[in-house]
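Please go over the structures that come below.
Next, two complexes with chain A in common: one pairs it with chain B, the other with chain C.
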Partner chain A sequence: MINPFEDFKEYPYKKKEIPLDHIVRAKERVMDQIVEGYVKLVEEEVKDLVWLVENSRVFKAYSSALRTIQQVDYDSDDIEELCLEIDKGGRIPYLISGPAGIYLSALCNNAKEERIHLRLHEFKRTFHFLGYRLPEGKTLVLEGDVGDFIGAGLSGGKLIVKGSTGNWAGAGMMNGELFINEHTGQNTGGWMSGGEIHIDGRIRGIAKTILGGRIYQRGKLILPHDMTARE
Partner chain B sequence: MKNAVECQVDIAVTVLSVAHDSALYPSGLPVCARRCEKILQTYIAVTRIACRGSTWWGDLGRRPQDFVVNPFLACYAEEYIEAHKIEEKARGKDMEDGNIRQKVRDIYGFIQDNLYLNRPDMRVGEESFNSALLFSLLTALNRGKELIIGEPGLGKTTSAEYVAAMTYQLPLGLIWASEVSGHPEQTEEKIIGRPDLGRLNQGEEVVVWSYLAQLPIKIVDEINRLPETKQSMILDGVDRGNWGYLNDVIINEEYCLFATANYQDRGTNTLIAPLIDRFDVIVESRHPGTNLALVIGMKDRYENVLRSPVYERDFQEILVEPRDYQEKMKRIEDLCDRFGDHMEKEFSVKMLSQGERKEIRDCVQEIPLDLDANAFLRTVIAELSFCFKYGQKRSDEHCEEGCHYTGFLCHHIKNCISNRFPMSVRTYSQSLAWLKGDEGVGIEHIKTVLPYTLAHRLLWKEDYIAQKQGDTRRDPFQIYLAKEMVNEVYRRYNEQSRHIKNALAVAYQALSGKDLEPIEGDHPIYAEIKQDLEEVR
Partner chain C sequence: MMGRKENKYDPLLKERWAKVRKKHFFPELPDPSISESMDRVALEIKSKQITLSQSFMEEAARHIPMEKVIEALLDHGVAHYTFCPWDFHTHLTLYQEAKKVLKDKQMAQKSTDYFMDVVADTHCFKEKDTPISDLYRHMDRGILDEAIHALYQRIWGKDLNVKGHEEISRRLSRIPYLDRKPWPESIHRFSKIIQGLLESEEKSGTLNQPNTMGQNDFGRYSCQEMDQGLKEFAMSTGDPGEFKDVVKDLEDELKEAGYASHGNMGLGPGSPLDADALFYMKLAENYALPIKKTPIEKSGSLYPFSHSPWELGKPFRDIDPWTSFGKVMPGITQIWERREGETFGEEEGTPNCIVVIDSSGSMINPRQHLSYAVLGAACASDAYLRNDATVAVYNFSHARSGDRQILDYTRQRTKIYQTICHYFGGGTKLDIRDIESLQQPSRPDIFIITDMQITNLEDLIGYINGLENRVTAVHIGDNTHVRRFKRSMGIRKNISIHSVQKKEDIPRIVLGKIREYFRSVS
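Moving on, here comes the complex of A and B:
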């Protein structure tokens, strides 16, 4: 069959594009960069296939995540999109919960928006370490149940969990507020040195070592005891 | 900067100088180098003959012995000589082409200065031309068909006769003898042929063909005085060069048609649509203006220079001979050449031979349309054939109120443009580009040719005619409308030329199997492209 457009064989053509194509492509590019950064982080961190929660390790992973995301122009939608990608596992070759949460926290802490809302209740996976080092001026809202070390090292930000947290919620937090709508696990507030934790549900256990800060349950200050007595 | 061959020569000569270095090879050249030297000596001798003594090595700043050194050089030398030969051939062809072009320009100039005095009325690039004369010339070169309109006595027929005589080496008297006049009493016997009455009495059916049917130049004077029923008699001959009478047929291999038509009066008829569509172009032979008209009136009839009673008689003798048509045409061509030589010798008037006409056509056919010209022509065709509502334009269907495409030409015309139209545009714009010495057909050539190829083919709607009728203009109304139309489409094309070309390129890729969506836009061309893609997919 004759191609009636043969004369234009060599003409450099551009595909038909609608504005949405541009947006989608830009989004995809950002997501590719974010996923690539995550994969790089995981590759660096889990060479021995086991990832242990040690302070130096967490700090190193966080620093590495910060370096990776420095050049990426993303927003809170992209963070939520990454959560979805991690949950689906399609583009993420291997998921290690710790680094994933640290990476998500690094993204939240450096996002353009002051308030970030992540809807996690529909995901099958449990996310740990969310809200790690959340700085002052940032508010992170997590909808749904989350994992361990939520709000660890909180650094002045406001973290709201609309659901339950696992163990070590608010571990090592230095400043800021952690609101938990439902229940918390063991070692809540372990090694915290400042800030406040508000829990509306049950507390499975409070950590033995707490250096400072306050813990409230259903609006009532439960730690430190002496302060409660004074008030 | 040195070219590739020169660089190779340098390398080769260096290699040779090493090979000749007695310190390296105290016992003389190595065997392989000596063997190569012999081969190359022979080679050089052969190439010297091939180049007819030309010193191609000199062009490279070398001596022949430089080349008798390196076996590697042989292939480069060969390559150089081949390129040299091709270049020379091309140069020769160009020169020949340039000579013929100059000859054609001389013919134009000769007729313009001596025979058909008229004002230039069109510009192509920097040059001015008279449209009637230019298109008549292109028609003769192209084997085209031209309709010349105009007031009586303004040179419609004579311009065609002069062009025909000079491009086909025919004496003017013979052309007059072959002309057919349109009038209500015209018969097939006078136009095409008649039975040989003497032979018919002996029981044989032999056709005596008219000069019109036999000669390559066909001039029909006042064609619109032929009744509509008789116009169809010449349809087949005009279209295909096939002339049939009784059970006999002759086929013209090379022919062109000039028909003249007066403006509508009581004695004229409408040209039937199939006949009018067969004309490639329409031109007006205009009044030359007061001052030139006076010059014409004072001038002796210079046309006599193209007459030659002796040759006219010789031509007529051949034409009436009861011989095979092809055989007669060979003899006619020989006589044409003799007449051409005679004219050149006696009057310094150069005419075109059959071989030169063929060469022109070959060159013209090779001239490519550039992408803009191509896309612009598609845009024009789209506007003249597209109908969103009914799939295509049809004379008996009318546009719907409130159609989205109201601003395009499809809304102003009644009929659909025919397939002969792009053929006419291509051929005439290629010929124009050739005449101008341009390498390709550009948008300017197309724009120049378009009004003359369109004017007679369009049936405008009454309301559009009413809207334009009062405009101040210099051209006859139909040519004026066509020129306006071309400018309008060109403006639209200009606004979105890149988008249109991109749409066509994407369409090519899509039809070649790539997963691409057709480009959309606000012009019938996009809808046409989309339809092409949808129907194939």
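Moving on, here comes the complex of A and C:
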């Protein structure tokens, strides 16, 4: 009797593993951990039903995010992929833009790479709080328009926005540089105490309370006024 | 390989083809061939046949044995059939996603080609014993090829002699190419990553050059495959705008691939492709409505039914001198096509149908959004046509001021769907005389679809009440006019009324109610 499967006897029954399999599996594992951390953070934050932007509240969320991501071995590609997941909303059960931005900032600040590039122009959602507390030695490049509180609490890092920001850009920044190559919203630089903000486009409004630091528009120093006069 | 010049590599090709076929579990593909004139690309696929470029083969054979070159090229070509894109619908979906990112036809096509190459090659490399990597190691490369080969190097774990492109290949390597389900999302990311390279190719003027391994054009698909693919694509997009974007982009390719000359698909030689009509035509095909036939029997006598061009050998007695300009010449002279007449009797048949569709301002413009009215009318027309009946269309808005189109009984899908898709967007007043002009002694069915906000609704009610035809009235939404219409028609047995509130109602309710309706009268 002829074996009908004779022709196929040389075929290996074991699947060949190629590096792509490992890369995709590892990426999936990391993404699961990152998404899980984000969900945990949001669940903690939504207990109070309304998420208010208060300094203590923001810092608490940031500290909690830092704790969550400590054990995760991720890189800048994972951060960009999280942005994509947040934008798509498939794996993210609920999205609160404040905590989402703070979580992304925590990831950027603790990433292995010194320079991180996030391409955000195609996303439907607006990301807030990106670059929050960006430390010295780190450069974060954001491509596309972003939301409010960009570069808030900047702590020595270099934040480059290739697009426009919303309100309160550089709010409470202590040190470092914030470059915005298009426009900013209202209350730019509110409560900033140090560092520099460089804006190439229009400024909708500068905050009333500014404790220190400098703001430049199209290369020209516009704040503080006394220094402008001296220069 | 019959009927063409023998090539010196034919015996080797034959031997390798047998091996490749076995390796890929005997795909149903014709024997491949070798072309001496092809020099820009490695291979070409037309009507499922793979043609290898002799000059490419000989160039590659300077580095690796000829049998390996042939086998690698055949593996590549076959994997496009057996894995990616697999079918025309997948190809269109991938193109659509790439276009969303790149916003440019040429870039989107190139990105789709490269993505499909990566998927097919990686599938081959993982699942089969293939010399593809040996071939790629020695190939001449453009910038984009280099980046893709750097990706292969990373995801296959093979040295392909590529330097650089670290960042781009790292980002590309995170895409799960072998997982079919997220392919639309994967190509979206793929296109985003290679966008910069495509833009620099555009600047340097090399974007229009085909990929080294050949372009994945639409010439590979048969008309039937395209038909099926468009049907699935219309269903999956569900949006006339998105469908139109893709079909308009690929109009030339579709025509070149022979799709345009297939008359039944709504495209004729030289005629522009009406993507909107095609969308509803293909979408309607997904909802095949069964029609219960009415007792009709053939009378046995033939009567002139329609014209067709006269050809040598056809009988002279059927020539119609009135439409032939008095000439007897093939291509100009018209003859009558005869059909057997029908009368009511014992045998079952399907009556013809008059489709009455409201395209006034209160209805959705079918060219901008999915119109339930047009889809419903398209489904009904499709059902009658599939049952060998003919369809007449009366599309009206403010009929008295000329906003109306009347299409006499025909089986030409193109004309029917184009008339159904026409949108006037004006007031709503129909002219009963227009419908009356389409009446036939054999009492055609009447299918009317409207939101009932007709200024002379009373005239319509009065007219329908006096009819013996079977009438299927479908109303979009609910309002006082609908209720009045329903009240007036409540006792009539030959009239069935259906409501459509959401998309899903159209195929389901029309389908169910038609069956119920036919059952009630038979």
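Here are some notes:
As a working rule, the second predicted complex is superposed on the first by the 215 of 231 C-alpha atoms of A that agree within 3 Å, B and C clash if a C-alpha of one lies under 4 Å from a C-alpha of the other, contacts with A are read in each partner's own complex, and residues count from 1 in each chain.
The working rule: a contact is a pair of C-beta atoms (placed from the backbone, for glycine too) under 8 Å apart; a residue touches a chain by one contact, two chains touch by 3 or more.
Being a predicted model, the structure only gives us computed values, none of them experimental.
Using the contact criterion defined above for the overlaid structures, shared-chain residue A:I23 touches chain C, although it does not reach chain B. By the touch criterion defined above, A:E122 reaches chain C but does not reach chain B. Contact with chain B, but none with chain C, is seen for A:N3 once the two complexes are overlaid on the shared chain.
Comparing which residues of chain A touch chain B with which touch chain C, the overlap comprises 7, 15-16. For chain B in complex with chain A, the touching residues are 369, 371, 374-375, 501-502, 504-509, 511-512, 516-520, 529, 532, 536. By the touch criterion stated above, chain C contacts chain A in their complex at residues 22, 101, 122, 125-127, 154-157, 170-171, 173-179, 189, 192. Taken in their complex, chain A has these residues touching chain C: 7, 15-16, 18-21, 23-24, 27, 77, 81, 84, 119, 122.
Residues 1, 3-9, 11-16 of chain A are the ones that touch chain B when the two sit in their complex.
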